[in-house]
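These notes open a run of structures that come right after.
What follows is a pair of complexes built around chain A, which joins chain B in one and chain C in the other.
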Partner chain A sequence: MVSIDGALLDFKQLERLAAGDSVLHRLDPRAKVLATLAFIVSVVSYGRYELSALIPFFIFPAVLIGAADLPAGYLLKKIALVCPFALLVGIGNPVFDRAVLMQLGPLEISGGWISLASIVVRAALTVSAALILVALTGFPAICRALERLGMPAPFAVQLLFLYRYIFVLTEEGTRASSARELRSCGKKGRGMASYASLLGHLLLRTWQRAERIHMAMLARGFSGVFHSRTKWHFGPAELFYLVGWSALFLALRLCNGSELVGALVTGVFR
Partner chain B sequence: MSHHIVEVKGLRHVYPDGTTALNEVSFRITHGESVAIIGANGAGKSTLLLHLNGYLWPSAGEIRIGDFALSKGTLPEVRRTVGMVFQDPDDQLFMPTVFDDVAFGPMNLGLSGAELESCVAAALERVGAGHLAKKAPYHLSGGEKRRVAIATVLSMSPDILVLDEPTNGLDPYARRQLIGLLRDFRHTKIFTSHDLDMVLELCERTIVLEGGKVRADGATLDIFRDEALLAECRLEKPLSMQGCPVCGRGTGSAYPR
Partner chain C sequence: MHMADALMSAEVGAAMWAVSAGTIACCSARLGRGVDDRRVPLMGVLGAFLFAAQMINFSIPGTGSSGHLGGGLLLAILLGPGAALLTIASVLVVQALFFADGGLLALGCNIFNVGVIPALIVYPFCYRTLIGNDPSPQRLTLATMISAVLALQLGSFAVVLETLGSGMSSLPFAPFAWLMQPIHLAIGLVEGAVTVAVVSFVRKARPDLLPAGTAAHARRSPARLLVACLACALLTAGAFSGLASRHPDGLEWSIAKVTGKPELSPVQKGVHGAMAAIQGATAWFPEYDFKRPAASVAPLHQSPVTREQVGNLGTSIAGITGTVLTLLFACALGLLLKRRNQ
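Our next item is the complex of A and B:
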């Protein structure tokens, strides 16, 4: 069974990958964030029945995984975790949308099935791009890059703190929840009521912790500004990375790569 | 600065709900002294500590740190002078990596570049945590977290170190390591702790709080020998001053220094 705890532990693993040292790791985070953004926008911009045109986009995650030597199996597992949610989103489509769009010999495929597949493929693409971005850059650097790109500083600080304390909060939540479970002797305990008060306590404790953290920050001279020691360098390598990928996404968006390859192959065998 | 003095005069603190947490607390701690503030739960130890760097304001009384009376204007200088190490290191380590965390204070003081790097490296080296610089705080063990938390304060070169329950939750080895580390610091040191054996090893002077008032203030050994006083304040002799549990010998013996 996948527990929240286990999933979090894996998140730490992602952060460890970000400590790697490949050409891609060393790129300025802004280039990586923008390229990933361009990728996600391109993938999401397709119509609901588009499937074949999405397939060539797998080149982006594939190349990055290869070039940065990321563990493909581990990332695939993470992506697989998200797929059920995508399935849930699109599961109604085959029921409601029965217009036949494709004919494979005797098999008639309705629009609903195609749009369902399209949703799952898109989820896999976008999630893999996001995971790879974190594995190549690290979450804190992404926050800094977003701030540098114009996101208001309070949001960036919020995100950083969320990331730092999500582990502490989950640990507290898990402890409280197992304490509840142990004392409910395998029955339902007091059901939802006990969860409501458990959540209330977690909120209060979070509040108190926030106060203590603020104290610790003030004690060390915090005056409202987060200083960063990141050295920003957007050089030719970054430009090449960003422009290269964006151009590819644009080209793929404008003409269907799968159809082109298909036409080429069938042309050869004709 | 030559006067690393902490002076508290007639300090009184009343919480918004009407509870009087501190009442007529006065003491003077001079340069290089190592002082423990002990007392039962709720005696006012934490409230007192929070006054020392201006997080709480006195309802009455005065606090002087070094050459400054504590006020809104002197707050930045006071906060640099007093290095406060909090009880839960998770509250103190809030940056993405250990290095960033230790650099947080110096950066707020305006350091950057090579100066910042060397200051952070020196602070981490001082607590034997140089190898942890790139790690995230949640990857550290309890003892490592505690030592890094101390480094985050050392990097601001404080004159006075204030530590809230420093040995709390540490295994015996990490505790021993931390005591050795703290012994070597030449700062003025103020501790609160329930670990009275640590107090015995590190502090020549002890202030006992009871119900928000200073009940006793004197040489640590004298205070720990006064069993009546300890019992009244819900305290107990340090284990090392109690008798041997097997043969019962040595009851009341002085701690061998």
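Our next item is the complex of A and C:
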């Protein structure tokens, strides 16, 4: 985590994107959740040495970013931040897997490098799909969609509660942390003892907050369900969106688009 | 320690999703029956607390590094296993969606590794057994340390198994485990120390918040045992299904080696064959494509590669040109749509 403030700001910006008003924003969240899942499953279902067949899948994030007018630079930065974690485990591949799989003139490329590249491409695809889903839909709508799709109600309430208080408590934690930072001198004062009491105090305040919330809930007659004014409707547009993307993913999964294009083009120019 | 989508195979991901979803459904059903509605806001706010606490670091004396709370065991101690699992899982969902930490498909694995293992396996079977009925402070400290270490060791071992079962990484089992387990031993010790410190702080300040007697918890319900066993069984099944699915590749490869030819027969089976036929018919210069590399006969003992995969990769320029063009096409389409929007 770079800094708490930065992370929080990032978080809020992603959520702000969900307030946009494009055709894609207005779709029923269930269609978006299901299409994203279909996308991730198709990408992940490839074998480890698959690289060229994965490339056509970039059409999904590219079209969504374009059509919903999302800030591409911001999303790319977020994706680039996450890729190193996937690289960390994949970096062993070129060392352990030296069988030559591909030959470009004198250059021999081993299976390890190809599978490493494949991991990076997968990471970029899956991460961008998840981020775009949030940026198009927003967290509360995703929760409601999942609940409609069969997620247990207590878990949905838990997610919505968590989401409601995550900003409040992260800001409280940030204040406590920067207060400690200001009082500590170098490493002194940032050790275990002050950390434990900081967390302990945060925990106690959290608990008291929960008790106050509970009283407020009782006063307002909370019945365990969050009500929402928006009515969702799974209409023809949603069906088109879901079936269209799924069909495309299936087609791409069955036939390597990159090789097809490549064969056509190199054929033309020869 | 979070698994990423890029390192998962669809089989392992789906199996672990089923396990975690089932466990969440079980816990939700049990909590739903409970009458204590004070728990609803408490779980939600404690989830937010966990999220905030994971962002605050402390420096570990003697080393240059810093650590932070994981919190699985702490929540289990404060809330009990079922509620703790739901809370941890909800934090993981937020992290997966907003920070792309882990991934949507890997969510099943991550909920299992950092939620089910500490809350439903280590807490009831290790922690509660160790502290007994009337624990002394030393005993509590020791039990917490051991449980934290055990939870992280099991969790990181599950990561190793899931990664190997997925087969995306070619790290062999032994070096990977030797890399993961000692690191997580250190992390487990730090986690244990933080948990002990926070719990003892709470015990001093508000002893009423911690579950008072162990009597209420002592009876172990058969349902919980069942859930734990089921989860373990499915984990193994998931990991082995991944390994098993790679087996035919190895078989095919050894056939290729035995017959001495990389191409066993011109007959290609299934969709791949059909597509190759279509491709052959549509390409103007099909012979330009698919130059077989010498590599199919190179030593492949590390990674069984099927003839199909080698063919798919295509050593040809056609493959690379197509890849670049498709990528450009996708970007151009995105830009075009964006331009039209503005």
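General remarks:
Throughout what follows, the second predicted complex is superposed on the first by the 253 of 270 C-alpha atoms of A that agree within 3 Å, B and C clash if a C-alpha of one lies under 4 Å from a C-alpha of the other, contacts with A are read in each partner's own complex, and residues count from 1 in each chain.
Definition applied: contacts are C-beta pairs under 8 Å (C-beta built on N, C-alpha and C of every residue); 3 or more make two chains touch, one makes a residue touch a chain.
Computed from a predicted model, the values in this text were never measured in an experiment.
In the superposed model, A:L107 makes contact with neither chain B nor chain C. In the superposition on chain A, A:I40 contacts chain C only, with no contact to chain B. More chain A residues lie in contact with C than with the other chain of the pair chain B and chain C.
In the superposition on chain A, A:F161 makes contact with both chain B and chain C. In the superposition on chain A, contact of A:R209 is made with both chain B and chain C.
Of the two partner chains, chain C is the only one touched by A:G173; chain B is not. Legend: residue contacts after superposition of the two complexes on their common chain; A:T126 is shown touching chain C, with no touch to chain B. In the overlay built on the shared chain, the residue A:R229 is in contact with chain B alone; chain C does not reach it.
Residue contacts after overlaying the shared chain place A:A219 against chain B, while chain C stays out of touching range.
Residue contacts after overlaying the shared chain place A:L260 against chain C, while chain B stays out of touching range. Looking at chain A, you'll find residues 15, 139, 160-161, 163-165, 168, 209, 213, 217 touch chain B in one structure and chain C in the other.
By the touch rule above, chain A contacts chain B in their complex via residues 12, 15, 19, 138-140, 160-161, 163-165, 167-168, 209, 212-213, 215-223, 227, 229. Residue ranges of chain B in contact with chain A, taken from their complex: 50, 53, 55, 76, 79-80, 82-84, 86, 88, 90-92, 94-97, 100, 103-105, 107-109, 112, 116, 134, 136-139, 152-153, 156. Against chain A, the residues of chain C that register as touching in their complex are 2, 4-10, 13-14, 24-25, 28-29, 31-32, 37-38, 40-49, 51-56, 58-61, 69, 86-87, 89-91, 93-94, 96-101, 103-105, 163, 167-172, 175-176, 193-194, 197-198, 201-202, 205-206, 209, 271, 275, 278-279, 282-286, 288-289, 291, 293-295, 298-300, 302-303, 305, 309-310, 312-323, 325-327, 329-331, 333-338, 341-342.
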